[in-house]
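The chains carry the letters A, B, C and D, assigned in the order they are written, with residues numbered from 1 in each.
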Amino acid sequence: MQKIPVGVLGATGMVGQQYLALLAQHPWFEVRYVAASPRNAGKLYRDAMTGRWQLATACGPEVGELRLEDANQVDAALRASKEGRLGFVFSALEMEKEAVLQLEEAYAAAGIPVISNASAHRWTPDVPMLIAEVNPGHTAIIPIQQKARGWKRGFIAVKPNCSIQSYMTPLYALLKAGYEVKRLIITTLQAVSGAGYPGVPSLDSIDNVVPYIGGEEEKSELEPLKILGQVHNGRIEPAGEPKISAHCNRVPVVNGHTACVSLEFGVKKPSIEEVKALFSSFSGVPQELGLPMAPERPIIIREEANRPQPRKDRDMDKAMAVTLGRIRPCPVFDLRFVGLSHNTIRGAAGGGVLNAELLKVQGYLG
Amino acid sequence: MQKIPVGVLGATGMVGQQYLALLAQHPWFEVRYVAASPRNAGKLYRDAMTGRWQLATACGPEVGELRLEDANQVDAALRASKEGRLGFVFSALEMEKEAVLQLEEAYAAAGIPVISNASAHRWTPDVPMLIAEVNPGHTAIIPIQQKARGWKRGFIAVKPNCSIQSYMTPLYALLKAGYEVKRLIITTLQAVSGAGYPGVPSLDSIDNVVPYIGGEEEKSELEPLKILGQVHNGRIEPAGEPKISAHCNRVPVVNGHTACVSLEFGVKKPSIEEVKALFSSFSGVPQELGLPMAPERPIIIREEANRPQPRKDRDMDKAMAVTLGRIRPCPVFDLRFVGLSHNTIRGAAGGGVLNAELLKVQGYLG
Amino acid sequence: MQKIPVGVLGATGMVGQQYLALLAQHPWFEVRYVAASPRNAGKLYRDAMTGRWQLATACGPEVGELRLEDANQVDAALRASKEGRLGFVFSALEMEKEAVLQLEEAYAAAGIPVISNASAHRWTPDVPMLIAEVNPGHTAIIPIQQKARGWKRGFIAVKPNCSIQSYMTPLYALLKAGYEVKRLIITTLQAVSGAGYPGVPSLDSIDNVVPYIGGEEEKSELEPLKILGQVHNGRIEPAGEPKISAHCNRVPVVNGHTACVSLEFGVKKPSIEEVKALFSSFSGVPQELGLPMAPERPIIIREEANRPQPRKDRDMDKAMAVTLGRIRPCPVFDLRFVGLSHNTIRGAAGGGVLNAELLKVQGYLG
Amino acid sequence: MQKIPVGVLGATGMVGQQYLALLAQHPWFEVRYVAASPRNAGKLYRDAMTGRWQLATACGPEVGELRLEDANQVDAALRASKEGRLGFVFSALEMEKEAVLQLEEAYAAAGIPVISNASAHRWTPDVPMLIAEVNPGHTAIIPIQQKARGWKRGFIAVKPNCSIQSYMTPLYALLKAGYEVKRLIITTLQAVSGAGYPGVPSLDSIDNVVPYIGGEEEKSELEPLKILGQVHNGRIEPAGEPKISAHCNRVPVVNGHTACVSLEFGVKKPSIEEVKALFSSFSGVPQELGLPMAPERPIIIREEANRPQPRKDRDMDKAMAVTLGRIRPCPVFDLRFVGLSHNTIRGAAGGGVLNAELLKVQGYLG
């Protein structure tokens, strides 16, 4: 099988780097196009990244030889597309919201599908916000999106914020098993890599916690509702529940977001053993399809009292599994647990690659 | 005024050291007696501590010249008491619960009041568990305790766990202002000093969070109820509410416990502005009495979006104030805030000293 | 005695903040003037600093009410000087070297003495680079500087880089005792606060060391030679030795630079005991004069095998002492030791205040 | 090819765990025997390790099902050997030196080769201390060792301390190229994993550096001399130079020891470019033999000013390469550089596995 040539927009940033590292040996996709801000345009990728590469794993050597394009120049991408060097793009753009909105639409209008990590289009009603195990059916909005906008081959699909990964899949597993969930109160302990580079100053992270991340609590409370919503009348109608309260904190951890969750069921309340069983056995479309980036089990349960821990558990199953521990009753609500997921892999680039794999199998990437 | 000679049991441990540092220049008390485990007995304190002192501040030079006693030998304390070298003891014993129970009772039986940081006697029904701003009246149980046990001058008073300080005073301020509080869901981010020395291994704290501290959640959920209880029929009857759910985490912070709190009121619900006003104006008996260790204001409010932070706020007002920030509505309950207090000062030795000051003024250390 | 009104240029930066904290209760100086970049000019200091104050200690409340001036507007300073609100300035300017060179000269030309932390004028031949215990006599260049430049009351005096404090005073103590020092090989482990705020990204400091700090090794190797130099022919002639090799590293420490030093004597070699004795008894002009900011003992020796440590020793004696430990023979050179000093106090603002105190007593601020 | 069954002594400790993780998919060896302290004997390995496994990578699932033996019972190992379940052992024993000396000899006497990480036998004159790229020929002492002690198949081979890996291979590369090296002054910044678990307390590693590691400086200064020595008269005669001075520090890093090195050549001094060329092209017996654990290039050079960094470079080439950076002249000696190696892989278990591979190819495990 011939690999699909892909591009990464925002290739010099943290998430962009993570995309390149993950795609270095991907069986279906190969990076042939990298774009970033105008000031890096024209440089070889390896030259632009001297002293700036942040990861312990490398991108493919051939990526280092690619010449960076200006991400604002859709023409360059269009040319690459016509020359067979670009099938679709991963967007890891770090710009003002308005600029991202327009730029991603311009790529889509040019016939280039955009699989995005940016938050700009998350609340665009005809753009699906995908977690491949949770709402793979939301891709049904894509033809509607294309038709409404007069796009042929291009479209936009996004993924949600990294902070929700640690509780979104478990929440969905409970709903799928038939248990109504009314309310959640969540406190996150989030890794510094979520803020990119340079990101969080050391003076805020050594011997310290910052109990605030701009915009993060709103995203953590609202994005799950769209993901749990229904495609209806040409738009995705958000679900009405559960109600979520999120306290988001930055802690001195490199990678891996932890979430402490208290959860209230509706009338029907599973036992702790039932909860464990349904988490352990949970499986989704990516697992059924055997997608390359899919974890074998989306949810891994640790029975030790003191797990999950970010440094020790974040890399489980290609860093794509959500690790849960401390599943126990809540004296105020019904259920408590601690969730952990790798924020720049499961919560960002890895989740984006998995979405692309899903879209490929569903036929949207041609 | 002549200073009261005091002793510190467990003087070589972390909390013991903190007591010695805080008492180095105390206007009412002076350390004349130090005791620890048998293996250190007989050594000069400064010799025993070579290479083991953990604090940036020092104990008084004369304490270094004291000879360590065996804390198990109540006789030695009795002798010191008779010689006028020991008016009461601070207990920072780190032993099995049963051993602490008996040993603290033995000191009290010998006529030596025990003001304790240990958890052993927290649930003894006739032992007051004091936060000087919250339940100073619980000391009324002391004469009952003495009578029931046939003790003359000795008694036991304890302080609660360090993890509850960041929300207990705010909770009480709300109750005192007439607002019923039904339920709280709390997540703590606790400093490593809470586990003593050597305590938490570096391999658990660098680039990591441990979402579990043995016994801490139970203490965090239940101790507030005794503190909010009533002296009745010769015992302290715990309050029936609020219900509390606590998630306790260890984070890479040296000192300062942070708590993220969601709180549900009863029928009567104050506005955010009313909450801020009553927190800011809250004052207790220690403030009215002008106790030396009392913070000027028990609760300090920060209006910046990203505060309180442990490294920057823990030392406010002799490290005895609770700093609150992010006071805002909760989409699930009614109120959210972030609380911070210094765990080895406000939450341990400083709280103990403040309790001793209260007991002194109330005439119990006579 | 009436306090001298002083100004702080660069008052919003890390070192500027540290100046304001240290001067909050200074017996001789009071801050009446604060200046920073144009974008903050006109704001009340407390408004400009909301969310930006980095220290656990506060500036004086009256400083919060000062209105920030534009540091580029020497006129404003001149006006303040004429109105008796400004006797001299501490410069903590963070600008391009050329801009600092000119601006500091402009203040001096306007009759306002400049006591600077900036590196711009360190190698200006007629500007003294002062460590008050080491080369207090270099202030003799000031009248020469004033005459050559046609300045009346104004002048410029600077302090050296923070990285050299941990070995410069010990080195001088050896020289003063008559022991020639030929060569030093030094490795520093430097705190992140040395890079200011935001400074070092967390992704470079969590679970990491950065073995490079731009320009730091050259400063660490060369500045000692000027400090050990002689005033001669209207300029300070740098000394010819010792030769120094410095390896400078950034480590995950908030405050406190550590230096591991191997040192080669000339023909005359003291014993380890002699070295300890001369370090312990070392005293300088600031100690003789009893300057307020002077540490009681410039060098403190720790005998424990594992000290000094930044978190535990950096605050010794107002954070102005240099703490030494592990004084022992070197199998390659003659002597080894570990030195520690607080980089933003002894190595920056505290050193600047001490220099100002020296200059005041010497009559230069009269 | 049938795999050789191997055992790990001290299988529950940090280095033991690392052995099991590295051997999980080894092409030549498979773990069939695990032994630890008597209190764990009889337990399934996975049961004994619940809550104690420290690594992000796992051991093979079949290892979890092995039953732990008491490492003091050589009989059990002898039985396993006779049953074909044990060809040789890796020793990661954490005991008193005397106990390790005797126990390793008892295994060897029982016919079981011992490839050891322990320091006990490092200075036994007929025991080779191996870095496979540096002194593979020292294995020639093994027949002499066996004959002198009357051992048939058993023998002891050890590896040096983890702290020397970052400069030992570069040092040897210089010597091999014909450049005499007279003296080195080295400062190490060592990771906490080197102290095992629980190891370094968090209160010593958060916002701190400890400038001392017991016994480490002596090892760092002396072990290179034995490694550079000659087999002569039935013993390994240590080399007479270079003279080494080592300052060893513990820093808040999980894995990866950094060394800042200043080095003096003899009369013949290579240029910086020559040094870089000979480091880059350096290759040893493991590379020539293509041993599975051998890094492709023993020394990797980074040209960026701020590398190597532990978190970003320690895992290069299976964490078996030494990464060098900042190769530059020394103003006091001749050459300076920064070296980095992974202390629990290259410096411990990985180095041990590589030694075993070498010994296998040389026929000693036959």
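Just so it is clear, a residue touches a chain if its C-beta (ideal position, glycine included) is under 8 Å from a C-beta of that chain, and two chains touch if they have at least 3 such contacts.
Quantities reported herein were computed from a predicted structural model and do not represent experimental measurements.
Farthest chain from chain D (centres taken as the mean of C-alpha atoms): B. Looking at C-D and B-C, the interface holding more C-beta pairs in contact is that of C-D. Averaged C-alpha coordinates put the centre of chain A at 48 Å from the centre of chain C. Separation between the centroids of chain B and chain C, computed from CA atoms only, is 40 Å. A straight line joining the Cα centres of chain C and chain D is 43 Å long. Counting partners per residue, chain D has 54, 204, 206-207, 252-254, 305-307, 311-312 as the residues that reach two or more other chains. Residues 50-51, 53-56, 206-207, 254, 303-307, 311-315 of chain D touch chain A in their complex. On the side of chain B, the complex with chain D involves touching residues 54, 192-193, 197-207, 252-254.
By the touch criterion given at the top, residues 183-185, 187, 189, 204, 206-212, 214, 221, 243-245, 247, 249, 251-254, 258, 260, 262, 305-312, 325-326, 330-333, 336, 338 of chain A touch chain B in their complex.
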